[in-house]
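Here chain A shows up in two complexes: once beside chain B, once beside chain C.
So, the complex of A and B:
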């Protein structure tokens, strides 16, 4: 028999594990979270009808993107936390790693499966959000045209332009992209925590703590620098904190987009680079810890 | 001399206990060699170190001291797993997959694609007798069927060495016999089998050599026939022997200085009795 040939890295193996992980997660009915998102969206849309049209579309966007951000983050943390412990508990990991599969391929496959799930979820939420926003926009346009029927044409066209500017615009897409990136970062972080955690609960709690620290650290940092000054010790300490706990506020580009601010392409690229850096960093840390783990 | 399928030298594994000093030693200074083409049984009571030894061979656990090799490649190298198939004790496979999907998944992990993968999946389903259940979800499989699909996934990349951890645990006698027959079939095809078990009768039926582990140490090892043979006793099995003939044999033995130790009716095994009864019932049901 010929000597076995082994490729150290195989995208095929990673893709097989990723596809299996995606199937596993979809069977867990995590998409029920999307149903709750839809209910919030439709519910808030009905409630917003009582406000003025500009407020209505603005608040609808604000609530929808906020809900999208929270659901994506929760899906990332909860969906990832159980992957490793379950495989170990049910011994599936033995059958996979007893094949010519390296541990880093196994982890990369698991993470890719979650990232695919997040991409599908964010995509579906965006479509749902766009549909609701489109129908509200049409409704508001009809009302505006009816109410301003007697006014001069330039005032009417200005009002219509204003309504359209408050509705869905391409400027929201970088904001939604940043929400997805934050989800990817949290999934990678959760995978890293699960490589040394003793239970699912521990993994979820630690990931949530990092999530809150990540959202608060920018404010805390500014306060610290104001109080303590910017000495080398303070700066080093803050740099270490920033490395371990990512500044998640940097991914909240959607807040700006909702207000109508155009997100500069350079800023979006910087956010993408930062997100990718953290995803790779946490994956590498997970690989290092998991490589030494006794199964 | 041919390369051994498994070679373990001076292997010791100690697990540290959290929040305590010291450690628990699972395997102590173990030397083991499994020759290519043989069926080797690793025996021992629960906690004797069998599973830990198998995990070290597969690179799932790293040894504290010593080394383990598969066909000359160190066990900690991923490439060594190209030649190994493994069935863990009471394995769990995703219940939402069908039998064919499960084998496809493991086949892809081993680099199989396209028509080669499809052909291999069908071949293995036929080998383990699950062709009719290929599209049924594993949630509807019996314990014996799960064990057979587990065996099929272990064989998906046509390994030269098959490692089985308690392959018949929790399986009924008919299922256990099927697995035993499969192991014997694999041996005939030249595949080396290393299995751990505490079901001694089944090991006796399939193994060429056995090693007995106790408290992490290999206390006995050798060819099964040699280990089981009692030097100064000889068995003679007669068919249709009359009482007179038996008396004559006894007298003759006494005259030649030997002693007739035991004379009894030959017994069938309980397993044989069970299988015969259940198969006869099944045949009668089919006839009706």
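So, the complex of A and C:
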């Protein structure tokens, strides 16, 4: 009987590691974050009954997508930062790598597990958000129809159209997609940092710093180059920052989606491509570092 | 060490390669008005260190919403200076939020101006009227800046038209802005009609107004609303329109 051949790359092995990572992360009760999200959503929804419907629906969408962005980013950083140190501490990594599993597969599996967790979280938050928004929309529609019953038909239909436009629309989906993408990028970046980090805290702190730099760099560029003219030192500094760090503001589509701007599909696709590029880049860098790491 | 250098070099080279892509994406975003909002250092003093950092960290909308809610509370307490300050911050943080510009203008031109006119602490009517006019101007300023930031949104043109109509009693300017609102994509169907109504109040533009109203009237039953018919009849009388060219009296 011929000996079974070992394939250098196996999607099956990556899927098995990803599934285990997802189970591990789920056991850490990370979904408690979703409970907090639900409380924020419902709490703010009750408070905002004081505002007019347009204000209420817009603020509700802003708060929901803002909370979604915070939780997804935190989940991506904190969830990923502990994966490698924990496996090393519990010696699971030795058991896995002693089998015919390449280090690349191990890291890709870990990352896929986190990305699956993020997808589930974002999906659940979107469902929760849509339900709350739908109920608020229905009650506002009923109120508007009652209040404007005596007005001309075109003004009533305009008001109803305005309510519907202020509520959930497919337009929000690219914004939510961009939040997920940013989460994926942060997860991949954190995995890369954790391959050379000495502690869990170090990984989280560095990832957070990169997060802030990623968001600040475009504003800093605008301020220093356009408003201040920019000397050679600031130009060099900004160039180095732009080379080394991702521009995370490019993933902020949610704000515009909430304001009713239609996000063109082509623009969304370009953002997706950029996000995927970063995810793959940081994964490859993590593989390079991890391959040389003494375990 | 060798690996660290390889990783660093890879980051630099790939970073250089991705810059044109990021720049192209920035340009594409600007084309669709999805552009970076410049946040001056003056804002840091206004919203505080924490709010400023939050705004820079991708939570600009959230900070704007918190300030908007604060402005709402300040309005309930009729603290008009605070309402103005907070709305200035909100609109700086989120200049693409049409609702914020509209609300800011409404609070200034309608609420604060009315409160100024009824201010019992100011016995001199002339000064109360002066303050009231200043609040109208503040409302107009918010709307004009809002339009500059959102030139494609009809709501702000419409709000400015209402401000000219109801507060400045300037029907010519009101007609102009209703007309501009009607020209924007997604404009309400009544904007065109309202422009014609306002024109009908302008001295010297009666012929133009009559023509517009007549045109709307001929568009069908949906446009034949009581105000339109009454303005049309008024102009027919004023312009001595021949009986055979007038709309039927049954429409009155």
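As a working rule, the second predicted complex is superposed on the first by the 276 of 295 C-alpha atoms of A that agree within 3 Å, B and C clash if a C-alpha of one lies under 4 Å from a C-alpha of the other, contacts with A are read in each partner's own complex, and residues count from 1 in each chain.
Convention: a residue touches a chain if its C-beta (ideal position, glycine included) is under 8 Å from a C-beta of that chain, and two chains touch if they have at least 3 such contacts.
Since the model is a prediction, treat every value here as computed from it, not as a measurement.
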Fit or clash - chain C, chain B, common chain A: fit
Touched partner set for A:218, first chain B, second chain C, both or neither: second
Partner chain(s) touched by A:17 [first = chain B, second = chain C, both, neither]: first
Touching partner for A:27 - first (chain B), second (chain C), both, neither: first
First, second, both or neither for A:102, with chain B first and chain C second: first
Contacts of A:248 with chain B and chain C, given as first, second, both or neither: second
Contacts of A:288 with chain B and chain C, given as first, second, both or neither: second
First (chain B), second (chain C), both or neither touched by A:94: first
Dominant contact partner of chain A by residue count, chain C or chain B: C
Which superposed partner A:209 touches (first chain B, second chain C, both, neither): neither
Inter-chain angle, chain B to chain C through the CA centre of chain A, in degrees rounded to a multiple of 10: 170
Gap in Å between nearest CA atoms once chain C and chain B share a frame through chain A: 12
Chain A positions touched by chain B in one structure and by chain C in the second: 292
Parts of chain A lying in touch with chain B, wherever the complex brings them together: 1, 4-8, 10, 12-13, 15-17, 20, 23-24, 27, 90-92, 94-102, 292, 294-295
Residue ranges of chain B in contact with chain A within the complex: 15, 55, 58-62, 78-79, 81-94, 96-97, 105-106, 108-111, 113, 150, 153-154, 157, 160, 163
Residues of chain C defined as touching chain A within the complex: 3-4, 6-7, 10-12, 14-16, 18-19, 21-22, 24-26, 28-29, 32-34, 36, 38-39, 41, 53, 56-62, 64-65, 68-69, 72, 94, 96-99, 103, 188-190, 222, 225
Complex contacts: residues of chain A adjacent to chain C: 50-51, 54-55, 58-59, 62-63, 65-66, 69-70, 152-155, 158, 196, 211-212, 215-216, 218-219, 222-223, 227, 242-244, 247-250, 252-256, 258-261, 263-264, 266-267, 270-271, 274, 277, 281, 284-285, 288-289, 291-292
